[in-house]
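The two complexes that follow have chain A in common; it is paired with chain B in the first and with chain C in the second.
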Partner chain A sequence: MHNSEEFRIPIGPQHPALKEPEGFSVALKGEKILGVDIRLGYNHRGIEKAAEERSYIQDIYLIERVCGICSHSHSTCFVQTVEEIAGLTVPARALYIRTIIAELERVHSHLLWLGVAGHEIGFDTLLMYSWRDREVVMDILALVTGNRVNYGMNTIGGVRRDISLQQAQEILKAMDILEERTKYYIEVATNETTIIKRLSGVGVLSREDVLLLDAVGPTARASGVKRDVRVDDPYAAYGELTFNVITDDHCDVYGRTVVRVKELLESYKIIRQALKNLPAGPIAIRAPRKIPAGEALGRYEAPRGEDVHYVKSNGTEKPERVKIRAPTLANVQAVKHMLRDRFLADMPIVVAAIDPCFSCTDRMVRLAEQGSDKSKIISWPSLHAYSIEWHKKQGIDFSELNKKLAARLAR
Partner chain B sequence: MSQEEKIKENLISKFSYLDNSINLVRPRRISIEVGLDNFLAVFAYLAKDMQFSHLCTITGLDEQERLGFIYHLAGAGGVMINLKTSVPKAKPLIKSVTAYFPGAEIYERELVDLFGAKVEGLPPGHRYPLTDDWPAGQHPLRKDWRPNPDIGKEAGKDA
Partner chain C sequence: MLGELFYIFIFPGFIFLIIFSLTAEFIDRKIYARLQNRVGPPWFQPWADFIKLLAKEDIVPAESNPKMFKVAPIFALAAAISAFLYIPLWKTDALFSFNGDLIVVLYLLTLPTLAFFIGGWYSTSLYSRIGSVRCMTQLFAYEVPLFMGILSSALLADSWSLKGIAVFYMAHPWFWLFNLAGFSVSLISLLGKLEKVPFDIPEAETEVVAGAFTEYSGRMLAFLRMTLDIELVTGSALLALVFFPFALNVHPALGFVIFMIKILFIVSLIALLRTVVARLRIDQMIDFCWKFLVPLAATQLLLNLMLKGMFLR
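The block that comes next holds the complex of A and B.
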């Protein structure tokens, strides 16, 4: 495989393209990717060890910080696992409130993703549009929880804040605005030939590959695998609500886009139902400080896919063991597969398409010539610019579409 | 008969020694304990014949004299099987399941770094999640391990 024409490009290791920064080493022949080698773990923070040293209550706030974007996902997954061990019956109202916050979080996460995806392919008007709309849901989250992320809503035995009638009205108003906007995105995503051409056949992952590599979330559903914990293994209030699991058979980045925008509509549906049927009653029950010895496994459908928490208790106020498997770790394996035999110019969107957490930090790419000391460093923005120019030469140019959408905004 | 009871019956008819080690915890949760000698046979049967086709993750446990490993397998109907096996700490050797789930590689590497497990059949590759200069024999999720403030100091000097 190695010969004088092959280039090996390390991306990273300090490369925060994913939640946990990681090192990609891309073997390249010309513009074609021969293989990708992934080194993970650069941002390992020892949270599982730290959780053993803290009380269950302290752990809620520690675990909420596993991820900035899916913070409610991790805290809910943790508390419901502990509640199962302790045998607590959480009040129905608390379960509904958890569900509402969970779907609001999914909406903000998917809209964030849509903007990042637009940016990576040079469709920046879409980025501006979707991030403007995302502010609608961020304002709602701040109104209900007091914060844009890390909501602090969960506690063992329920939630810490109620949703008032007035807040419910505000949420419903926001859902109407977002629904109209989302319908427009679905129209853009399914009708604009530039998007369809740019995303189709890119980052292909077959149904068989999903099953083999254990991919989760929209990445799995876009390859026709109907895998969604909310339906398969219902938690919170999902068992009492009706919604569709969106799947798509394109098996590529285009499919992942369609799945996410359509899932937004399902989230609005869930939020409206949950608010309409919000049971009366208390929002929490008192939980013991010491959790009886036992173990449980919790699953949760985070915006990026299945989140898994295992908790073992020993009868004290601190857990014996907390194990967390975030969805990106399950999906990162599939990235390797998606990039093989593709072009370097597709790397930004393929990596972005599993929806890893993007930080604002600059990302560096080091080009090293195989078998010599020569190396060249290019920044992630340069790789991004290269990707857009490369595709322009192939006839995919977003300039007109950017102008078209901007004109609509000006109206 | 519930789906969980059917799974239990199916397993016992195939592996009679599992008779007392299958626990139906609640709807959709089954935990099974199996000795290391029989582990791979039961695992393969679940993964291939019973369509528990999604390995969510593998949890490592420090149980003083032994190391425990729980393989979390998801199947149809939202049923999760937590298949547990354990090995003595003095000889922490388990077999890789990457032949069944190539995605398991990363979960097995975690067990190697954080618990000091030895995984037979693990394909070559980078360690995960600890740094390349992490001292040998230091496994942070073992109960007797305490953070050592000197670890990483040398690496810091190089930077």
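The block that comes next holds the complex of A and C.
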């Protein structure tokens, strides 16, 4: 490694800085980054295709598993979209409960991010502290929904569990503890020299770049772009609650940290309001098993940014097409821009600062020829055909069975 | 002859040093964990790690230079162990002592870093190479303030041997209080030598996996980790002797216990320091060392020269 020489170093698909498989090929000159190539597609799970094979009710639980952190985001976005196609009016109490769970999820996601960010800049104490405090909200989620992640709260036409008066008291108590802790983190983040040194001026994304690259969520808000689906296109109970959209003008990783930590305080405010105004009434209405034909696009402000679900129904009990766009896909393009002319040491924190969730994002398969840069993207039908061919070679052949099945169905 | 062999291999040499350095690692990890609100490891955890690594397979990368790759850890360990033999533990006299042994100890403490560089460089992995280059870059930043800090104390004592320093401060008690600025400079520089947060840049796991150690496994990794533990103890012992030279002429057993407490105090300070800060970038680290630590160490040198002129003629 001579200083004038350029070389490429792989970060991922397996690397301690990444929690999920994702490939970054970094061109380096000494410690300086010349360019980054991002490669998606290590974790194709076929969830969209699988959703077409299952009924709407089964799909809620499948789509909840798109992401391990923002599971409620995906399932809420999906049921909202389906409810829109079916023209259902969800009871007010259900909307409030969805909002409360959504904000509790945002709290746990942002606290998790704070810890990960601390770890990426070698500040493990922050990781240990914020994850300890995250346990408070995890316990509350377990108390209310029965699960720490994948809450299973949503159903088409409402929610499955009610929040009792006693549970509301517990939530309020937890909010007080968390508010005090969050204020402490704000103090730490604004006073600790080494944190400020590592975060400010790193991963700069100007306001113009945000608009150009269409970044979403805290990444956009940290560059002064007031972009929040909760306000722009209110869903659930957000239209009836008052809260601020936090923005910041730092445009860098430090700004993203500030936005997330301040959003925690807003979340506590929303949860308190929602619990106070929680309307009485039923928590769900009966939804039809078969959803009438139609299509809809749902938007939802996940902790990482805008989540988009598209559902097309054909009048049966299974959807014709489900398309999920996780917020990371909107933000990942910005990473390349943020890393230009930065140091290798900034790489982990810049990637972490968009709060990536790569496994939720991956939707395609790209074939790269070994030893060359040539690659191609294969379409769904040819991938399907390839998979049948591959299984046949392994001695697994369903063509006879399929024929029998088709014959039985025809009878 | 037999007595010397006993000194070198059993007490206070090889065997004692291994036991003591693993204990120091435990104390460091336990304090770090308790400050982070964790339970922390049990007392035998460093032993378990060490024995487990010894039992594991040694993998030598096909691309590497096997000779250099295998020699580097042993070289590093040998240098760190020899450095400890020159430090007086319970009286003003060390096992081996001669005029200028302070410089030899500092030199022997530099060798492991060089060995890490060589091992990392010849393992030819990209992460190892970046890590080892960072090792060397960092060496040029912390070594100067570390030397200046320690030598300022020696300057006051007008001796370049550890024995001479101890004897001087015995004769002039309370003079060590003037060296506290030098102590803080040396302690922070020692963090760089030990590759601990905020100066764990060469082995920053989120950037370069394990830096120079990435390709090491099994016994050789055990030796490298042992080297870092022994460096922790030896560096702390050196600082304890140079900056806290009191209670050295009491009963040997008592003096020994007091000296161990001093070492563990410095180990705890290191654990505390690495709890409260984030890792710096290499450019920030070099800036910090040259713009802040070196001027502070130079001020200490100046102060000691003036003290010498005023009181010690």
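A few points about this structure:
In the analysis below, the second predicted complex is superposed on the first by the 344 of 411 C-alpha atoms of A that agree within 3 Å, B and C clash if a C-alpha of one lies under 4 Å from a C-alpha of the other, contacts with A are read in each partner's own complex, and residues count from 1 in each chain.
The criterion applied here is as follows: a residue touches a chain if its C-beta (ideal position, glycine included) is under 8 Å from a C-beta of that chain, and two chains touch if they have at least 3 such contacts.
No experiment lies behind these values; they were computed from the predicted model shown.
Touch criterion met: A:K312 reaches chain B, while chain C stays clear of it. Once the two complexes are laid over each other on the shared chain, residue contacts for A:A287 go to neither chain B nor chain C. Residue contacts after overlaying the shared chain place A:L339 against neither chain B nor chain C. Of the two partner chains placed around the shared chain by superposition, chain C is the only one that A:E120 touches, whereas chain B remains out of contact. Touch criterion met: A:M347 reaches chain C, while chain B stays clear of it. When the shared chain is aligned, no partner comes close enough to touch A:I156: not chain B, not chain C. Against chain A, the residues of chain B that register as touching in their complex are 25-26, 28-29, 31, 53-57, 59-62, 70, 72, 74, 77-78, 80, 82, 101-107, 114, 125-131, 140-141.
Touching chain A in their complex are the following residues of chain C: 35-38, 126-127, 129-130, 133, 197-198, 200-201, 204-209, 275-284. Interface residues of chain A, counted against chain B in their complex, comprise 20, 37-42, 44, 46, 48-49, 84, 211-215, 227, 229, 232-234, 295-297, 299, 306, 308, 310, 312, 321, 323, 325, 329-330, 332-333.
Within the complex, the chain A residues that touch chain C are 1, 7, 9-10, 15-17, 28, 31, 118-126, 128-129, 132, 192, 194-195, 197-198, 343-348.
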